[in-house]
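Here it is, the structure in full.
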């Protein structure tokens, strides 16, 4: 379902069925939900269902499409390419040692040893080149604008922002706080423009599953192509799955603990179930019954509950994966594991529940040097590093469906490097290719149009000189939706852009300085010093308490304040603290959230 | 070539651990010629215990076992039931849900971490079962999980399926203290006084009573619209119905008595008073209600509320007929609960077997798992500790700890394994992935500084 | 160990003791004062001449006397042996079936400095503000009427080292007997040693000015900073030596310009001159090694406090005559990979390696009474029973420099004695009599009093 507008304008490939039929009430309900949030929905056979009440939006979309088409019409672009004499890794069928692929109007028109080269095609001599289906990154945050800083619901953002620019994004009117809003959707935050994808595309990636990593509910993910000047051009599936993280809310609101996260999810699912049932009864006979709430957050959970939409649990450790599987079992959800570093340890459970894995290739790395003064690393850590590249092979052996994803790696070049490590550790090369092409397409529900090189499929192709897993390979050509992106030169060391773009540089608060703070652990105050060094939106520094001094990580400054994480050691264990706060004059205040809960702190600037 | 060697070495290590696991099969086991302290029917000298399919099949002299049975010569050694710790936060990835004063919807079961090394260290101290409780930051906290320490098994194996469910309450200073310092811009959470704590609990039970009525009406078809399922109130309804045990953290005698009076009013029984440092002041009132007390042997003075805590607490309660258990509330203290039980003989003079019961059968009763564990009796789970000496001797050391006939701690195996782990470490450290140079180093782990950090609420974490 | 007190310190002690006395009198007038921090009037016991007869006497320093007599007179052990004549007028205590031990000594507590850990900060006098407090003296903070004192001594612990904590130089620790109405009554060695928290690698920060660091530091940087802090400490020690030298010179020759007085430097002087020991907190191998080197370099008298991995540094410790006050029996191993008994067996390993050590609770006060079980647990994990007993009697006396007066049952020593019905390290053993400084101590405490009040409530 590429370039919807183009097909609509041409009107030649698909018939559109405008339907408000209530014959398939359940089906329609689902579509309505999606339409409500995502404007349109395409089922696998390519038919589009629309609800009349959303006609206005359709019209708007149409208008913008025409506008964009006109804009595009000014660029001239060849309508057909033929890559000849290349090795073709079709993935779905046997490899072609020396053959031709013809690309026309965004689709693969022909493929094979004897495919005919059309007269109007631009010919690329593929001698010495290998053509793969365009690679998938099965979970990223590519293309998404930065989130708004979390704030407590119902408080309008607090009082400390007087005189500071307000966020431009309107606050949600959900009944649920920021972070517990499953209706959040990736496409709402998707930024237009294909330039942002250059690094990833140059590395051979043509399609990704993108979703926010914020909140307990990350919201609904989208499958997008890494090309297209408009958002609508990029979208392949606007709402693939609901994504869920085992984290707590950072605003100090329930849930502040991992336990609470589970309870909150459970209660929301139960409430959604009830809403659905009440609505059914009400639709039958509204008289004498209080009308069911229109609750957009609960509504967003209905397709998940009804198994029409998968739920992706971000789960890396064995414990997390087991917890996700337990939850899926409890509510009969269609689950997918994302991350899955220790998935092989629970292969039997994954198999039993038929749960696929979006396996992260962001393998743990040793970043520290051995110093005679340093502690020996823990066995667990040593084992984890040694085991990470084995997981893929073990999953393959166990017959568990999986696809590769970048998992937040800082350099996208690690993707194929680490996929190759998986190959060195027991995964067949074919399976590795499949995990970044057809398997991903299958898990993401787009295998009928993507993931392999077949006639009629979308022309997403990655062409390389040299085996894609070899160190000295070069990605020479990338086709996305039939559009050719040629490599101007061998890509330099990719810049860290694997997981999504930077925020619009809004005015940021000034928070740098040293602060004497009091951490208000109930019943006993813990004194400390917070040293903050600000460089634009980046924050570095450290937190010093009697638990020691720890560097701050992922420090960010927004218009509202700052956030960072730090890891403290206490009683022999380490705890990740998420810290958010703001500075007003010489006063600093905020919250430190750990798995144990949220604790406020405040303090003053040290002159 | 080098890589291959390392790989082979790794495989062989894995094989060793596999054999290690399969050696723990559920065959017949005969423990021979021990002093068996049953915690139910006295101490039996030169006595054998026969274990079949994880259960205690027979206890007696000169027992015969099948020829392929594993025989453990325990001559000169002492055997006790596995220790049951009635207040623990071991293997929990979260302890408190701070946000609300009532967090009965949270479940410890959701956050169990079966890989916590503290479990193993507890086993090495003879602990086989524990009551994993939510923290004490909330007047009504989360739902407990009663587990056996089956270290190495999947998490679902830990949970004692037929243990009655429970819930944590907390009275007095802890739920108050949590509200002293609200986050910036937020109003302080109610309550901040003991008055308020009682009102929070009353309010919750009033709501639970209404909720129960809604459901009763619906089930009796007096109403048509199904009530909303409320995960906060459901467990409280179970409390009212006597299906869920209340484990109530508290220090002062007045707060515990007030809770029992409120329970009288709502028609339920408090299962255990946790910590109950001043329970000795209201021992008759506790005894009358059949409520249990789960106490520290002798912790005191770590906070103002603990200033009237006395080591004679256990004795006075026992003398009044209260079911007393001694808990650790600490991964450290858990390892020496046997010595805490011994202290009961010293302070007041609780008889030996009654003292032993305080860490075995009594907590098992408080948790409703005494049908399967807590004493050495035919038909019960073979949850057993073999000690080098009388378990109340400071020189005694657990040699072996088993749960349902499977060995989860064996000191001799532990000693052998140290060398194996060292070899594994050396092999792993040679791998490229563990050798990548970079800047920085592994920061030294901070030495543990004070054991009181582990106490229920002394760590500021409101455990 | 010889006690040397400078004139200046004597003045301070005198004036403070005077102050204490007047405070005490005030306290009598307004008893609420003494009780406001939870303390109680301790009963100081009965003086006189006592004869403990028919006793099994565990002298610790010598052989066990299976059936013997101890004469207690004038606060001292007047006689001990199998054939000792009981003087006329002596109060007889028939100890048939009982054992007599020297009173146990805990060389690592905050006894009397910390009453109620949480919710009553006014009862806590452990840590002075600031990093350098060489002049802070535990002796002047100990509350003789702390309810911890009675609770502790009735379990057979009669002497403790009470130490200040916090900062880099925390202050001076005092050896006290657990009996007396005033601090002076209790003092055994009022200014025994200086507590220094030896610099160690922290993830950043630390250092002399905690506000000076902002940037996150990497490990190499952390090592550098630790080294810098050690250098700074060395410099401070040199400064103190120079200060003392100047003061001495001025004392001899008043024509010299008078050096400006500095209480902190003055307090450091006897320690940096090696006249009294410095107690360095250090747990891990590398830190203990560094501390040992520091001790050797600065030629001070050193003791290691904590000492989790001291057995790994045996050579350095032995070479420099450094003893270890081990406080980690009731602690969990730090690293997941540590053996489960890592901290239980450390005393046995120290004994094996020939390191001088004693076992201590490291407790703030309330749980010091568990001292015998700390030693006993070390006994369960490899330490001989004999060494386990010595680790809480004679060894701490030696480390605290009071072995000429305490730590064993010998004629002429201070009569700190415990009469029990069994092995003193066993939790089931009951203490029957306690003598401190020759006074027969009543076996009462806050706990027995509350017990009496409530045991028969119906």
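In this document, chain identifiers A, B and C correspond to the written order of the chains, with residue numbering beginning at 1 in each.
In the analysis below, a residue touches a chain if its C-beta (ideal position, glycine included) is under 8 Å from a C-beta of that chain, and two chains touch if they have at least 3 such contacts.
Source: prediction; values computed, not measured.
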item: Winner on C-beta contact pairs when A-B is weighed against B-C; value: A-B
item: Per-chain CA centroid nearest to the all-protein CA mean; value: B
item: Length of the line joining the C-alpha centres of subunit A and subunit C, rounded to whole Å; value: 60
item: Subunit A and subunit B: spacing of chain centres that average the CA atoms, whole Å; value: 40
item: Gap in Å, rounded to a whole number, between the CA centres of subunit C and subunit B; value: 35
item: Subunit B residues counted as touching two or more neighbouring chains; value: 173, 421, 425, 439-446, 448, 454, 457
item: Subunit A: positions in contact with at least two other chains; value: 368-369, 371, 373-376, 379, 523-524, 548, 571-572
item: Junction residues of subunit C - those touching two or more other chains; value: 118-119, 201-203, 219-220, 223, 286, 332-337
item: Contact footprint of subunit C on subunit B as seen in their complex; value: 117-118, 120-121, 124, 173, 280-281, 283-284, 298-308, 310-312, 315-316, 319, 331-333, 336, 339, 342-343, 345-346, 348, 388, 392-397, 414, 418, 421, 425, 439-452, 454, 457-458
item: Subunit A residues touching subunit B - in the complex, by the definition given at the top; value: 152, 155, 158-160, 252-260, 262-263, 266-267, 270-271, 274, 277-278, 281, 289, 318-319, 322-323, 363, 365-371, 373-377, 379, 382-383, 385-386, 388-389, 520-526, 547-548, 569-572, 589-591, 595-598, 600, 602
item: For the subunit C and subunit B complex, residues of the former touching the latter; value: 38, 115-120, 147-148, 200-203, 218-220, 222-223, 283-284, 286, 306, 308, 328, 330-337, 339-341, 362-367, 372-373, 376-377, 379-381, 385, 425-430, 446-448, 450-451, 454-455, 457-458
item: Subunit C residues touching subunit A - in the complex, by the definition given at the top; value: 118-119, 201-206, 210-211, 213-217, 219-220, 223, 286, 332-337
item: Subunit C partner contacts - residues on subunit A that touch it in the complex; value: 368-369, 371-376, 378-380, 514, 516, 523-524, 529, 531-533, 540-542, 544, 548-552, 571-572, 606
